[in-house]
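In what follows, a structure is listed as structure tokens, so that the remarks can point back to it.
Labels run A, B, C and D following the written order; every chain starts at residue 1.
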Amino acid sequence: MQTNPVKQLRVNLSVIAATIALWVTLLVTAPSMAHAQVSSTITKPVSSTPKTSVVNISITDSEVLDAQKAWGEALVNISTTYDQEGMAAARTLAKKVIDELYAYQSGLVLFKPTLTTGDQTFRTTRKGALSYFVGGDSSFPQDTGFALKGWRKVEIRNAGIFIDGNTATTMGNVDITDKTGKVTTVDKTWQFIKGNNGKLRIIVHHSSLPYSPK
Amino acid sequence: MQTNPVKQLRVNLSVIAATIALWVTLLVTAPSMAHAQVSSTITKPVSSTPKTSVVNISITDSEVLDAQKAWGEALVNISTTYDQEGMAAARTLAKKVIDELYAYQSGLVLFKPTLTTGDQTFRTTRKGALSYFVGGDSSFPQDTGFALKGWRKVEIRNAGIFIDGNTATTMGNVDITDKTGKVTTVDKTWQFIKGNNGKLRIIVHHSSLPYSPK
Amino acid sequence: MQTNPVKQLRVNLSVIAATIALWVTLLVTAPSMAHAQVSSTITKPVSSTPKTSVVNISITDSEVLDAQKAWGEALVNISTTYDQEGMAAARTLAKKVIDELYAYQSGLVLFKPTLTTGDQTFRTTRKGALSYFVGGDSSFPQDTGFALKGWRKVEIRNAGIFIDGNTATTMGNVDITDKTGKVTTVDKTWQFIKGNNGKLRIIVHHSSLPYSPK
Amino acid sequence: MQTNPVKQLRVNLSVIAATIALWVTLLVTAPSMAHAQVSSTITKPVSSTPKTSVVNISITDSEVLDAQKAWGEALVNISTTYDQEGMAAARTLAKKVIDELYAYQSGLVLFKPTLTTGDQTFRTTRKGALSYFVGGDSSFPQDTGFALKGWRKVEIRNAGIFIDGNTATTMGNVDITDKTGKVTTVDKTWQFIKGNNGKLRIIVHHSSLPYSPK
């Protein structure tokens, strides 16, 4: 019975402040209410529950920023693990990262990585995503392992964030710095959904190199 | 070009605070980053947009409290209009209230009023709701017009509120006071959906008298 | 890494039918397109993916009916377990039922049982729900264990169902028959949310005896 | 009283089929229920409402395909209007298209057009989108009017579609053919939200040229 589908939900009690505000308003305006036609609506917690509990399972701004940050840290982690511990460790870590940060459990992820081409552009399966990050899959012969390229820093510059209940989408630039100090900038869209334990997962990921006019 | 589906959405810029917090964290922890393995993820707005715009269309606590308050005020308004201006005016106002506060436009509202019975317990149509509030409909012979009973004050005491994106549900007691000072208390559940112009509407309304053991 | 937040999502391929329909339309209308101003939009799957995968995590009608049925079966199960195996077994089963069918993991459930009164009307905590179903909790002295009353059949007659993405609400009558054949009818509203493993859980439950005019 | 927030919602009665199926099951299994321990749960409509009304405001597959098609037709329309009626007419039409198909009313759209660069890559405002499509805005000196390039056909090949209540996202290739027969292919992600009158609008649009390895 340890099922825990929506565990980390915020219990937001800010409604109390609103209720207090209503009461203050009421007190201040009370004199004018001494006359006939007393018409008022008061919103307050039930007497037996000292404060109104509000459970809001909608995604918050900070959850979105945390989820973005987790992706950046995961990329750097795979790169440093590869450099320090080798391919097997990097591969194991990449699987863990994909299972924790992406939503392939849902049946598909709409993933367009930066450097894929042709019929293998879209990596809607976990297998396709793993190959993109660490290579070594003969089904995807052009993959050389994007996460193995010595990445050391990820900077996310959001152009905007859209939140709609249990899903949120971000768009902006992401600057990825490798161990030589070289910076690669991409245009990136992520859509997250709130999944197991209230954690966000990537359900859509569209990354592309900036357009350069010829 | 008058289409305006999601007009009053909140543009929440609190992400700026979170971004500042990240920067502060970064500065404070900077010394330890002077060594090798600099691994960091930074989240900040695009340089060309001085602040990240966040559009969050999820319902907020205060929107829920406002929607509850609007229902209470509408009930009192219909009662006082009836007392002061008569039946025709009360009926006209009741239609307006139903069209503005309920979501019958969606195809149905799950409405179980306090005092309905038998086959006419559930008022899933606008016609059934109007009859409950102001009576005068031969299809609903037992309706005497609940909103005409001289109500002067509505007090809402929430036991809890659940918010899930574009819908929110409240449960608690509502105390309704008439012009003689008599108070009627009901157990009430409302579910709201965010509709036209960002306004909340009632899609579910279950009201019942408190259980009294014999 | 077996995390599985949205496991049982439907992978709906009906888009294929729609795509075929578009193609047929195109073929039929092709002659008129032989002229200038050929203006058409075609929607079809990517050549490399023989069929478009559609993952739709919104709740379906049948999921709602299944969740209602699960509640009815659980009530009958607790009653028969109590009669056949005694209090301890019934209590253990009731805990399991609450943990599986209700969403107390979210922080609260808006639960107004049929027979509760006064300050203990609303059972927003798991403890309060358990006491209502099987009694034996000195904090709730009036509870005698609603689920222990010999229930043998549950019939749900929906007045309407409202579905909104990951949440759905039903309203209607529920007839509960005990082992003597006596039927109790209640007016009942349930709101479900899609939780762990794609299963629905009750987040709102308002049950009341039908109003009887004096 | 013209408010009409969720007008075109589908009223889906497929629950009737499910209910019939339950009844058939019940009849078939009835003999075995003649014994003790009759334990069953039946789900059916209320007697007074011959069929259960189900209102489901979640987006459907076909709504998504229609919204994609509308974008393609709009692009071709602007191009042909420009060729036949000139710049003023094309500009007027482009404004109409943006107001009807995009959700700038919400406060922002996350729009990364195919050919934008630098600080003007992301067009989160209506002004920026209009300039991209028809040019002529000195604030965006590099825009030459993407929709004016003689487009005659748009073909959308979806790699996948993700639907989550009132929002849906598609990813795939879009082939755009101009009047000379030249085809341009882009990788495209669209996220739609259900807005006014149940129509879908674009809240996220990320378009990029396919990656070409040097």
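By our rule, a residue touches a chain if its C-beta (ideal position, glycine included) is under 8 Å from a C-beta of that chain, and two chains touch if they have at least 3 such contacts.
Here the structure is a predicted model, which is why all the values come from computation and not from measurement.
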| item | value |
| --- | --- |
| Third chains touching both chain D and chain C | A, B |
| Pair of chains joined by more contacts [C-beta pairs], A-D or A-B | A-B |
| Centroid spacing, where centroids are CA-atom means, of chain A and chain D in whole angstrom | 22 |
| Gap in Å, rounded to a whole number, between the CA centres of chain B and chain A | 28 |
| In chain B, residues with contacts to at least two other chains | 46-47, 49, 53, 55, 57, 106, 108, 118, 122, 124, 159-160, 162, 164-166, 172-173, 193 |
| Footprint of chain B on chain D - complex, ascending | 1, 3-7, 9-11, 46-49, 53, 55, 57, 95-96, 99-100, 103, 105-108, 118-120, 122, 124, 165-166, 193, 195-197, 199, 201 |
| Chain D-touching residues of chain C, taken from the complex the two chains share | 12, 14-15, 18-19, 22, 37-47, 49, 52-59, 61-62, 64-65, 68-69, 71-73, 76-77, 80, 152-166, 172-173 |
| Interface residues, chain A side, partner chain D - complex | 106, 108, 110, 112, 114-118, 121-122, 124, 142, 159-160, 162, 164-167, 169-173, 187, 189, 191, 193, 203-204, 206, 208-213 |
